[in-house]
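Common to both upcoming complexes is chain A, partnered first by chain B, then by chain C.
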Partner chain A sequence: MSTKPKVATTSLAGCFGCHMSLLDIDDRILKLIELVDFNKSPINDIKKFTDRCLVGIIEGGCSNEENVHVLQDFRKHCDVIIALGDCATMGGLPAMRNHVPLKECLEEAYLKGPTVYNPGGKVPGDAELPLILDKVYPCQEVVKVDLFLPGCPPPADTIWQALVALLNNKPLELPYELIKYD
Partner chain B sequence: MKQEDKTLIQDICARFNRDRTRMMDVLIEAQRALGYLSSDVIDAIAEALAIARVEVESAASFYAFFSQKPRGKFVIRLCNDIIDKLKGVDRVASALREQLGIDFGQTTDDDLFSLEWTSCIGMCDQAPAALINDKIVTRLSSDSIREIVRSLKEHGDFSKLKLALGSGNNSHPLVRSVVDNNLLQRGAVIFAPSEPSQALGKALAMSPTEVIRSIKTSRLRGRGGAGFPTGMKWEFARNATGDARYVLCNADEGEPGTFKDRVILTEAADLMFEGMTIAGYAIGSEQGILYLRGEYAYLRAFLEDVLAQRRSKGLLGDNVGGKAGFNFDIRIQLGAGAYICGEETALISSCEGLRGDPKTRPPFPAQKGYLDMPSIVNNVETFCCVTRILDKGAGWFAAIGTTGSAGTKLFSVSGDCERPGVYELAFGVTLAELLKIVGAEDAIAVQVGGASGRMVNPSEYGKKLCFDELATGGSIMVFGPGRDVIKVARAFMEFFCEESCGYCTPCRVGNRLLKQGLERFIRGMAEPSDIEYLEQLGKTVKTMSRCGLGQTSANPVLSTLQSFRSEYERRVVKNTSGLQPSFDIVKALRDSETIVKRKSVHVGH
Partner chain C sequence: MSATIHFTIDGVEVTGKAGQTILQAASEAGIYIPRLCAHKDLTPHGSCRVCTVMVNGRPQAACTQPVSDGAIVENETAEIKELRRNLVEMLFVEGNHYCMFCEKSGNCELQALAYRLGIQAPRYPYFFPQRALDATHPDIFIDHNRCILCGRCVRASKELDGKNVFQFIGRGAHKRVGFNAPDGLGHTDAAVSDRFVSICPVGAILKKRVGYAIPVGQRLFDKRPIGSEIEARRAKGK
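The block that comes next holds the complex of A and B.
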């Protein structure tokens, strides 16, 4: 059994862009696998936690009940939760719907939108589909979050340096270029 | 749009010389004539003033008293500040909802009544109070408001209401208001007997620079709260280059719990106008503006009359007081319900017909103010002090009060005390002495300086009220046994969330987060780290905001964290689950369950 620290990742109401940025660390990913084992993550397609993890990296906020469930599961299994990117830290683009009542959003998407073809005339409500929350919640409104890495997406170098600092128990020092987004 | 309405708008604009800087007046008059500012009205104003529609709409949408929707014949604005809440405004609100069958923000089907909430209207000593159009009603109870509404339904005429007129000039034919002065202590400066126009005569016999020197010698500091030395401000404006100079009087008394300027405007308007005239002479100005908050519109006709009398006596106009070449007049600029306009650069924006957005400083108004010209903005009370200083001498004034804070101060005292009202006391009086005078020795907390001031606990009651210890623009709110300081702080944060102009993020967003943080404490969902969170967030809002509103809006949180820390500490619950107790999944799914007509298969059922 490996004694390497374990890392889990997930994408909730995000676009997977933050995960793409994580992969942008290029060949350093080989170094990363030397440092850590990946547990539940879309990178290795492990669906369920098999062990306790040191770090849980969350992309995206919570838009539906499944997102909440997954996020709470991460909180239960991970010592340190990182909210990665603007959607996880602030809700991001999906949270633009927070200004519009949910009913109007769903009607626009499934009933009234100019390109909608929906002869049944119903908003999808199959039990297989997770229910949508009244608004998009950033992660820290649902669980306690330990670290925030803003950016849309945060650059690979930012993610890399944050992980390395965390794994080596060193203070995180990010040069200005890595955290400016204007 | 009807042609006659269009003509009406054109006439209004023509009355203000189609001057876009008089936008406030144009909008106020248009709304008065047509009920509300419809899209057509905004277009017509834009056309008449030959400006872009967006310039009109940006101003029209900024001020709380302008409406772009039709409203009832009577707009009832109930004051929701903390003192009104303590005095039972909720019962008045319930009575209104019940009797009219509408909620706040709505209008009755017969278009007779609209209900709205409004921030402090300067009647805390006679709370609960409300505005009905531009008239004031005070000391409301559920019974009295029912009777008012019943009568208005019956005859539709506010002037027919059987209301007892208030004290002093409140019963003047041009005021006829129920407001009481509650002027419970007169001091040596503002409310002492004085000979009218003596001071102006003495000032005009001096040179302008001598007048400024006299103000500097008196050590007069601004009464609005910040305490900037008045003489220095005047000197800056006098020495700045510009084709014109302006004297602005800040009567936008919006700090919750402050109502002393209202009493000056009612009982000592001449003293204030004389001070403005002296300032005009001192800095070389020909035009003064009294910026009167929209809530005090009921005083406007009376104040216009005072100005007219001064003109007829030669105290305004050409060659004021017989001084050849000194021409000075004053106009009244009415506001429209925006606390931020008490901030001097926002006040200037409003006078210029813009949204009440603060301007970036520097340049300060003394260099580049109203219409980009050197301008001074002083408080109502400051101008009154000026008059008395010129009359009785700088030395006389400087001998009153303390070394750092000369003169007297008007205190507006409200809340849990036996005798709420206005008190003129020399600077240096301790808070304990004041509490004894007003009958509030059992106070558990006192908010000094309004919402943007600080909450003081009993161990500090021995401190002096002056710029160097407990500074206040006049507001003293008293909280008695059983009151919850965190709920009071939340009420102040609600106020700042409402009044933030939204220009800068620390203030627009930070104040909301501070309010949410306080709610966690009130609902028993806070944990130890929340104390540190509030402290950090408060400091960010304080240091990163653009103007005085945001730089002081965190004070309710920061000062209660300092003076009442145990109130926070006793409410925290250690949370080891890592979940946020404030997140309510059942509530978050309720809409969805209604829309798709099924229950969640995961949660709560």
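The block that comes next holds the complex of A and C.
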């Protein structure tokens, strides 16, 4: 049984761009898998937590009830929660719908939009579909978040330095160029 | 004509002239005091309070407070920095500041201040207010989502352009910048060459058709924190 610290990641209401940025650490990914084991993550396609994790990396905010459940599950299983990217920290592009009432959003998407083809004339409401929230919430408005790494996406070096600092139990001191909101 | 005034900022001796504000004297001495509503070409407004310093133990806006002999000014203390962080965080949650698609990103003073103050995310819940966008002018658009009510455009139009394009409307949470025409900016005498266009610290006033012209990495605050140009003066003077 491996004694390496465990890392879990997920993408909630995000575009996977932050995960792309994580992969953008290039050959350091080889060092990373020497340092940690990945638990639940889209990178290895593990669907459920099998162990307690040191770090949970969250991309995206909460747009539906499933996002909230996943985020709460991460909080339960991880010592440190990192909100990665602008969607996790402020809602990001999905939060643009926060300025429009939910009913109008759904009508535009499924009924009235200029390119909509929907002969049934119904908004999808199957019980299998997670309920959509009234607005998109940043992660820290749903659970306690321990570390924020903003950016769209955050630079690979930002993610790398944050992980290395966490794994070595050192304070995180990011240089000026590595905290950017765009 | 003016008498010399001696005071200290964080223990550093600074000389100013009578009638100068603390912010002006500090800038000349190469000490950066963060600011948003203040601009060197405009009458001080004292509204954003980001330039708050302690003067003899009392909080004062450095942009409006005149220099006084023997004053002890505190600028970079933990307490003042925390106050500024809070102010900037509140500005972020109160409006809709989507840096990822804003044309001003990288050249925005609000964003640059947040970087300088080390803000990784605001500690307050987001308001996500509903605000309007005005595109009635052929060359300029106004996005109230990003407006921080600093009043630079209001003053610039009056003081520098000799016009009167803007005015504050309403009070408290309902306060906003209005135009001197009922049907939007396009019906005022605003011109794209007016100073108010470039003086906006955020992306609330932007020229049309020139967005994203400067590549990432070469923008004003990509590599150097805001205020570096003022601090460079002090390094040179030493």
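Basically, the second predicted complex is superposed on the first by the 179 of 182 C-alpha atoms of A that agree within 3 Å, B and C clash if a C-alpha of one lies under 4 Å from a C-alpha of the other, contacts with A are read in each partner's own complex, and residues count from 1 in each chain.
Keep in mind that, in the parts below, contacts are C-beta pairs under 8 Å (C-beta built on N, C-alpha and C of every residue); 3 or more make two chains touch, one makes a residue touch a chain.
Keep in mind that this is a model prediction, so the values were computed, not measured.
**Student:** Once chain A from each complex is brought into register, does chain C clash with chain B or fit beside it?
**Tutor:** Clash.
**Student:** Could you look at A:A165 and tell me whether it touches chain B, chain C, both or neither (first, second, both, neither)?
**Tutor:** Neither partner.
**Student:** Once chain A of both complexes is superposed, is A:I132 in touch with chain B (first), chain C (second), both, or neither?
**Tutor:** first
**Student:** Which holds for A:V70: it touches chain B only (first), chain C only (second), both, or neither?
**Tutor:** In the superposed model, A:V70 contacts neither chain B nor chain C.
**Student:** Which partner does A:L149 reach: the first (chain B), the second (chain C), both, or neither?
**Tutor:** second
**Student:** Once chain A of both complexes is superposed, is A:P124 in touch with chain B (first), chain C (second), both, or neither?
**Tutor:** In the superposition, A:P124 touches chain B alone.
**Student:** I'd like to know which partner A:Q140 touches here: chain B for first, chain C for second, both or neither.
**Tutor:** So A:Q140 meets both chain B and chain C here.
**Student:** One more residue to check, A:L35. First (chain B), second (chain C), both or neither?
**Tutor:** After superposition on chain A, A:L35 lies in contact with neither partner.
**Student:** Could you look at A:Y176 and tell me whether it touches chain B, chain C, both or neither (first, second, both, neither)?
**Tutor:** Only chain C; A:Y176 stays clear of chain B.
**Student:** Looking at the overlay, does A:T89 come into contact with chain B only (first), chain C only (second), both, or neither?
**Tutor:** After superposition on chain A, A:T89 lies in contact with chain C alone.
**Student:** Given the superposition on chain A, at which of 4-12, 40-48 or 130-138 does chain C overlap chain B?
**Tutor:** Clashing stretch of chain C against chain B: 40-48.
**Student:** Between chain B and chain C, which residues of chain A are contacted by each of them?
**Tutor:** 135, 140-141
**Student:** Under the definition above, what is the set of chain C residues touching chain A in their complex?
**Tutor:** On the chain C side, the touching residues are 92, 96-102, 105-106, 111, 114-115, 118, 120-122, 125-126, 128-131, 216, 222-225.
**Student:** Mind listing the chain B positions that touch chain A in their complex?
**Tutor:** Of all residues in chain B, those touching chain A are 575, 578-580, 582-583, 585, 587-593, 595-598, 600-603.
**Student:** For chain A, which residues are in contact with chain C within the complex?
**Tutor:** Counting only chain A, the residues touching chain C are 83, 86, 89-93, 95-96, 98-99, 135, 138, 140-141, 145, 147-150, 152, 176-177, 179-182.
**Student:** Flag every residue of chain A that touches chain B in the complex, lowest number first.
**Tutor:** 65, 68-69, 72, 75-76, 81, 101-103, 106, 123-125, 127, 130-135, 137, 140-144
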